[in-house]
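Both complexes shown next keep chain A, but they swap its partner, so chain B is in the first and chain C is in the second.
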Partner chain A sequence: MSERGSRGLKLGLVAPALLLLVVFNVFPLVYNVVLSFTNAELVGDGSRFVGTANYARVFSDPLYSGALRRTALFVFCAGGLELALGFAFALALKREFRGKALVLTLALVPMMLSPAVMGLYWGLILNGNYGVLNQVLGELGLAQPQWLTDRSLKFWSILLVDVWMWTPFMALVSLAGLSSIPPQIYEAAEIDRASAWTVFRRITLPLVAPLLGLAALLRATDALKQFDLVMATTGPNDAATQTLSTLLYQVVFRDGKVGLGSAYACVVLVVVIALATVFTRYLDRLKGAQVPR
Partner chain B sequence: MKFVRWLVLAAGLSFAALPLLWMALSSIKSREDAIRPHLNFAPALEAPADPHSFEFEATGSAYVQLSEVHAGAQASFWSHLWSSVVIGVLSTLASVALGTACALGFSRLAIRGEKDWLFFVLSTRFMPPLAVVVPVLLMYRTLDLQGTHLGLALLYTVFNLSLATWLMKGFLDEIPRAYEEAALVDGYTRAQALWKVVLPEARTGIAVTAVFCLISAWNEYGFAMTLNSSGAVTVPAYFAGLQGNIEGMPWPQIAAGALLFVAPIAVFTWLVRAHLLRGITFGTVKQ
Partner chain C sequence: MKNAVRSLALLFTLLALAACGKSDPASPTSGTGASGASAKQRIVVWWFQWDPATGLQELGREFEKETGIEVVVEQIPLGSYQEKVFLEFGASRTRFDVVIGDSQWIGRGATKGLYVELTDWLPTVVDLATIHPRAAKYLCEYPDGSNRWYAAPCETDAVGLAYRKDWFADPAEQQAFQAKYNRPLAVPTTWEEFADVAAFFQRPEAKRYGCALPSDRSYDGLTMGVQNFLWAFGGRWHAEGSNKVVGELDTPGSVAAIEFYKKLVKLGPNGAERLDYGQVLEQFTNGSTAMICNYFAFFPGLAAKFGDKVGFAVVPGHNGKRVASLGGQGLSISTRIPKEQQELAKKFIAWFLQRKVQEQWITKPAGFTANADILKSEAFRKASPYNAAFADSVETMQDFWNVPVFNELLAVTQRYVGMAVDGEMETAQALKELAVEKERILKEAGLL
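The block that comes next holds the complex of A and B.
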C-alpha cells in the first residue's frame, strides 16, 4: 500500500477525535486565561482589561482559601476512608463462595449511580426530623443530630455520602490486586511459618500497593472536582461545605462575575494539571513495571 | 476469622444496599408517611390503626404524580427523562464511533507521538466541568446551542472521548495481529482489514465501552445544570433543582423518579460486571 494512502487512513481515524478534544479543551483553557484578566460579567457585554486585579482578589479572598482547605480535606479524608474500607471489604471477599458475583455486583452498584440524584435522595435519609437514620438512632436510644443543617456536621455528612458512593470503587480495585497475587507465594510463607500479620505486611500489602496508588490518584482527581454532592445537599453558597467547584459556580453563575470566576478557574486548573501529570507519570511507570492482569 | 469475614461482608453489603432499598420503600409511601417522625418501614395494604406502628399504607400515587410539574421546575419528570435518553444515546453513539476510530488508529497504525497524544486524551478527563464551562457557555450562546439536546450531546461526546478511546485501545490491543495480517495476504486493503476483520472481533469491547459512555453521560451534572438550566434539562439537573423547593420536597416522587432513573444503570452494571474494573479505570487495569 502506498505511503500516502496509509497517511490518509491514519488521519481519517484519529483526527476527528483529537480535533474535537483540542477545540473543546484547549480553546476554553486559553479563553479562560484571557477572561481572567478582564471584568467580564455573565449578563451584558463590554468588558475591559483589568490586569491582575482578579488574581489579587483570588489570593486575598478568605472564601478561596477556605474552599481550597475544605477541598483538600475532602480529597484526603474521602480517599483514605474509602481506601481503608474498600480494602477491608476486598479482603473479606477474596475467598471464593457461592453467590460471590451477585454480592460483589450488588455492593458495586452505588459507584455507578448519579451523584446529583443520589445526593438529593440522601437528604431524605439524613433529614434531622424525619430521616430514617435518626429514626433508627432514636429507636436505639442514641443522639439524633441534624446531619445536614448543623454547621459542624454538614461537611462530614457529605463525606459519608461520598464514602457510600466510592468505597465500592476501592473495593473493586483492591480485589483485583489481591487476586493477582500468585498463591505459591502464600504457600511458601506458610512453609516458613510466617505469622498472618507478617504475611499481610510483607506480601499482601507491598504487592497490591502499586494498584492501590493508582486507584487513590484516580479517586483524588475525581474528589478534587467535588461538585454534584455538595450542590444536591447543601447548595453552592454554604460556608461550611463550599468546595472549589461550588465556589466557582457561586462566583460565575450566582454573582455573574465571569472575569473573577475565570481567575479562580485558572488557579484550580493549575492544581488539576499538576495532579493529572502525576497520574499519567505514575501510570507510565506502572505500565513499564508489572501491571497485574 | 471466618466470623469477622462474614461480618465485614454483611456490613458492606447492607451499607451499599439499604439506602437503595429505602428508596424503593419511600417511593410507595404517601408524602405524610415519608415525613412522619417515627420509623415506618413495613408496607401494608391498609393504613395501620396505631399511628405509631412500623407499618405504612403502600400506594402507587408517587409514580402517578411523576407526570405532574413541581414548583420550581418547568416540566414533568418524564419529559426530563426523555431529554436524558436523547442526550445519552446521541452522545454515546458519537463518542463510541469517534473513540473507536481513534483507538483503532493508535492500536494498529504507527502514529508519531502516539504516547503523548494518548496522555493528552486522558488528561482531558481531569478537567473540572466548572473550570471550563464559561468559555463553552459563551461559545454556545454564539452558536445558539445553549439549552438544546444537540449542544449537551456534543459536549458529552467530547467529555466521553477520553474514556471511549482508552477503553477501546485496551480492547483492540488484545486482538491478535495475525488476523489482519492474514487478511492483508488475502488481498484486503489495510482499511478493509481493519473494518472487516479487526472491528468485528472487538464487538464485546464496543458494547462495554458504549455502556460506560452511556452511564457517564446519564449521570453527568456539572455541564447539564450550567449549560441546560432552562431547556433540554436532564434528570440530574432537574432533581438537584428541586433542592430548596418552597412547597417542601416531594420525597415519594423523588424516590420514585430516582428509582426509575437508576434502575437501568443497575441492570447495565450487572451486564458489564466482568468489565467493571476496566471501565472505571479507563482500561488501565484489566481483570
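The block that comes next holds the complex of A and C.
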C-alpha cells in the first residue's frame, strides 16, 4: 500500500469520529463560550456582547455559590458513601455462596432503572402524607418525618436515593477489581502468615485502588450533574436541594437567560475539568506506584 | 487499498446525502399539514391538560362544522407547559398556531415579539366593553393601561374555596363547633374563621384534616396560594402604578399574611407545605380534608364526584378585604407561523368571542367566560354548582407580575417565601431580601 493510500485510509477511518466530535462536542462548547459573553435569551431576536458581565454575575450570585456548595457536598457524600458501601458489598460478594448470582442480579436492579422514573417512585415512597415509608413507620408507631419537605431532611433524602441507586455500580466495579487479583498473591501472603488486615491493607486495597479511583471519578462526574432525582422530588427551585444542573435548568429554560446560563455552564465545565485532572493524575500516580521495580 | 478508500468515500457520500435530505417543512401537527390547496385547513391550539381544554376542543368541533377548519386542542401536562411553549418560540415556526398562555406570560410574549399584536384587529370582532375589565387588564393587555392587546380572553379563573358540605351540615359537628367556638359552624368568610374551622376538623389520628392550600415550589403554587393572604392582609407585591418593591412588599401586612398562611399549612395533612394544584385536589377527593383553596377551573371533578356533598364559596377575607388570586389565560397567536395561519387563527378567535359561542362556552366544565354580561347572568351562575362563587370572585381577582421577567420574579418569590414558610428564614427577613432581589431583577430588565 502506498504511503498516500495508507494516510487516506487512516484519515477515512478517523474522520467519522472526528466529525461527530466536532459537530456534537467542539462546536457546542465553543458556541457556549461565545454565548456566555452575550445577553442571548431563549426567545426573542438578537443578542449583544456584554463582556464579562455574565461571569461577574456568576461569581457574585449567592444562588450559584449555594448550588455549588450543595453539589460539592452531594458529590463528596454520594461518592464516599457509594464507594465505601459498594466496596464492602463487593468484599461480601467475593466469596462463593449459594444464591450469589441471584443476590448480584437483584442488587444491580436499581442502577439499571431510569433515574427520572426512580425519582418519581421515590417521590411517592417518601411522600410525607401517603408515602409507603411513612405508612409503615406509622404502623410501627414510629415518627413520620417529612422526607421531602422538611428543610433539614430533603437534601439527605435525595442523597440516600442516589446511594441506593449507585452503590451497586460501585460494588460491580469493585468486584471486577477484586476478581482480577491473582490468587497466587494471596497464597504467598498466607505462607508468610500475613493477618487478614495486612492482606487487605497491603494487597487487596492497593491492587483495587486504581479501579476504585476510576469508579469514583465516573460517579463524581455523574453526581456533579445531579438533575433527575432533584427535579422529580423537590423541583428545580428549592433552596435546600438546588444543584448546579437544576439551577442551570431554571436559568436557561424557565428564565430564558441563555447567555447567563452559558456562563454558569462554562464555570461548571472548568470545575469538572479540574476535578477530572486531579483524579487522572491520582490514577497515573497509582499506576506508576504499581510498576514493578 | 484504493478500493477501501473508495468504499469509505462512497459511504460518507451516501451518509451526507441522507443527512442533507430535505425534510418535510410542514409540521405533522400544525398548520395545513401536507402542502397543497386541497389539504384540510387546521388550527393547532396548545393549552395545558385540564377540563376547560377538553371543553374548548368540543367547541372546536362546532367551529369545524361551520367553517370546515379543523381545530386541534393539544393538551400539554401543566408541569412542563411553560418550558415546552417557550422552547417552541425558539424555533422559526411553532407547532401551535394559538397558545393559551398563562396571564403572567403576556409581558414576555408581547415584548419578545412572540405574540401577534391584536390591538387594531380585536375591536373589529368584539366590543371590548363587553370584556370584563379585570380579564382585559390581566389576560390581554400589556403594558398595564396601554390599551395594547396581545391576547383575546379565553378562560377567566380565580382561586376559590371548596368545602365538605356534608361535614358542615352534620348536627354532631355543628353542636361540637358551637360548644367550642360559641358560634355556628358555617362557611368561613374571614381567614380567621377559616383557621378556626380548619383547626376544628384537624384530626390526624382519624386521618381527617382541616385544609389544604396550594404550596408547591416547582412552579407557582406557593405564590398563588400565598397571595390571597398577602393582599387581604394589606400586603402587596409592588407599589400601585409602579414597580417599586422595597418598602412595599417588606411591610408588616405582608409579614402577617405569610405568618397566617404558615399557621394554616399546619392545619393540613402531613407534607402540606408542598402541595401542587393536583395534590390539593387529591386531598379533597380522597375524602380526608374539610376545605381546600384552589382554582375554580379545577373544581368540575369535585362537583362530579361529590355531588351535593361539596360546596363552593369565594375565598375568605381579612378586615373586610377579600382578594382572589387570578389564574386565567388568553388566546394568543404565534408570530412564528405563516400569515395565512395567523388569519385562520383570527377566524377561530373571532368565532369564539361571539356571544352565542360564549354562551355555549359556559356550558362546558369550567368554561369561564370573560364576557361581563354573561358573567352577571343567572344562566352563568346556575350553569354549575361553582359558577356563582366564581362570578362573585371575578370582581376581586388580582394577578402576580406579568412583566417580561415574571419568571425570575416568580422563582425568587417561590424561593424566599418558601424559606419563610419552611422556617429557614424569619419571614420579615425573607421579605426584605426578596424585595431587594426583585428590584435587582427589575432594574436589570430596565423596568425600574
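Criterion: the second predicted complex is superposed on the first by the 268 of 293 C-alpha atoms of A that agree within 3 Å, B and C clash if a C-alpha of one lies under 4 Å from a C-alpha of the other, contacts with A are read in each partner's own complex, and residues count from 1 in each chain.
One rule holds in what follows: a contact is a pair of C-beta atoms (placed from the backbone, for glycine too) under 8 Å apart; a residue touches a chain by one contact, two chains touch by 3 or more.
None of these values were measured; they are calculated from a predicted model.
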{"item": "Contacts of A:Gln144 with chain B and chain C, given as first, second, both or neither", "value": "second"}
{"item": "Which superposed partner A:Gln250 touches (first chain B, second chain C, both, neither)", "value": "second"}
{"item": "First, second, both or neither for A:Ala101, with chain B first and chain C second", "value": "first"}
{"item": "First, second, both or neither for A:Asn25, with chain B first and chain C second", "value": "first"}
{"item": "Contacts of A:Leu93 with chain B and chain C, given as first, second, both or neither", "value": "first"}
{"item": "Touched partner set for A:Leu9, first chain B, second chain C, both or neither", "value": "both"}
{"item": "Which superposed partner A:Ala240 touches (first chain B, second chain C, both, neither)", "value": "second"}
{"item": "Partner chain(s) touched by A:Asn129 [first = chain B, second = chain C, both, neither]", "value": "both"}
{"item": "When both partners are placed on the shared chain, which of chain B and chain C touches more of chain A", "value": "B"}
{"item": "Set intersection of chain A contacts, chain C complex versus chain B complex", "value": "1, 5-6, 9, 12-13, 16, 127, 129, 235, 253"}
{"item": "Complex contacts: residues of chain C adjacent to chain A", "value": "1-2, 4-5, 8-9, 12, 82-83, 86-87, 89-90, 108, 111-114, 216-219, 269-274, 405, 407-408, 411, 414-415, 418-419, 422-424"}
{"item": "Residues on chain A engaged by chain B in the complex (per definition of touch)", "value": "1, 5-6, 9-10, 12-14, 16-18, 20-21, 24-25, 27-29, 31-32, 35, 85, 88-89, 91-93, 95, 101, 103-125, 127, 129-130, 132, 135-136, 138-139, 164, 167-169, 171-173, 176, 211, 214-215, 218, 221, 224-225, 227-228, 231-233, 235, 244-245, 248-249, 252-253, 258, 261-262, 265, 268-269, 272-273, 275-277, 279-280, 283-284, 286-287, 291-293"}
{"item": "For the chain A and chain C complex, residues of the former touching the latter", "value": "1-2, 5-6, 8-9, 12-13, 15-16, 41-45, 127-129, 134, 144, 146, 148-149, 151, 234-240, 250, 253-257"}
{"item": "Chain A-touching residues of chain B, taken from the complex the two chains share", "value": "4-6, 8-9, 12-13, 15-17, 19-20, 22-23, 26, 34-39, 41, 98-99, 101-102, 104-106, 109, 111, 115, 117, 119-124, 126-136, 138-139, 155, 157-158, 161-162, 165, 189-191, 215, 218-219, 221-222, 225-226, 235-237, 239-240, 242-244, 249, 251, 254-255, 258, 261-262, 265-266, 268-270, 273, 276-277, 280-281, 284-287"}
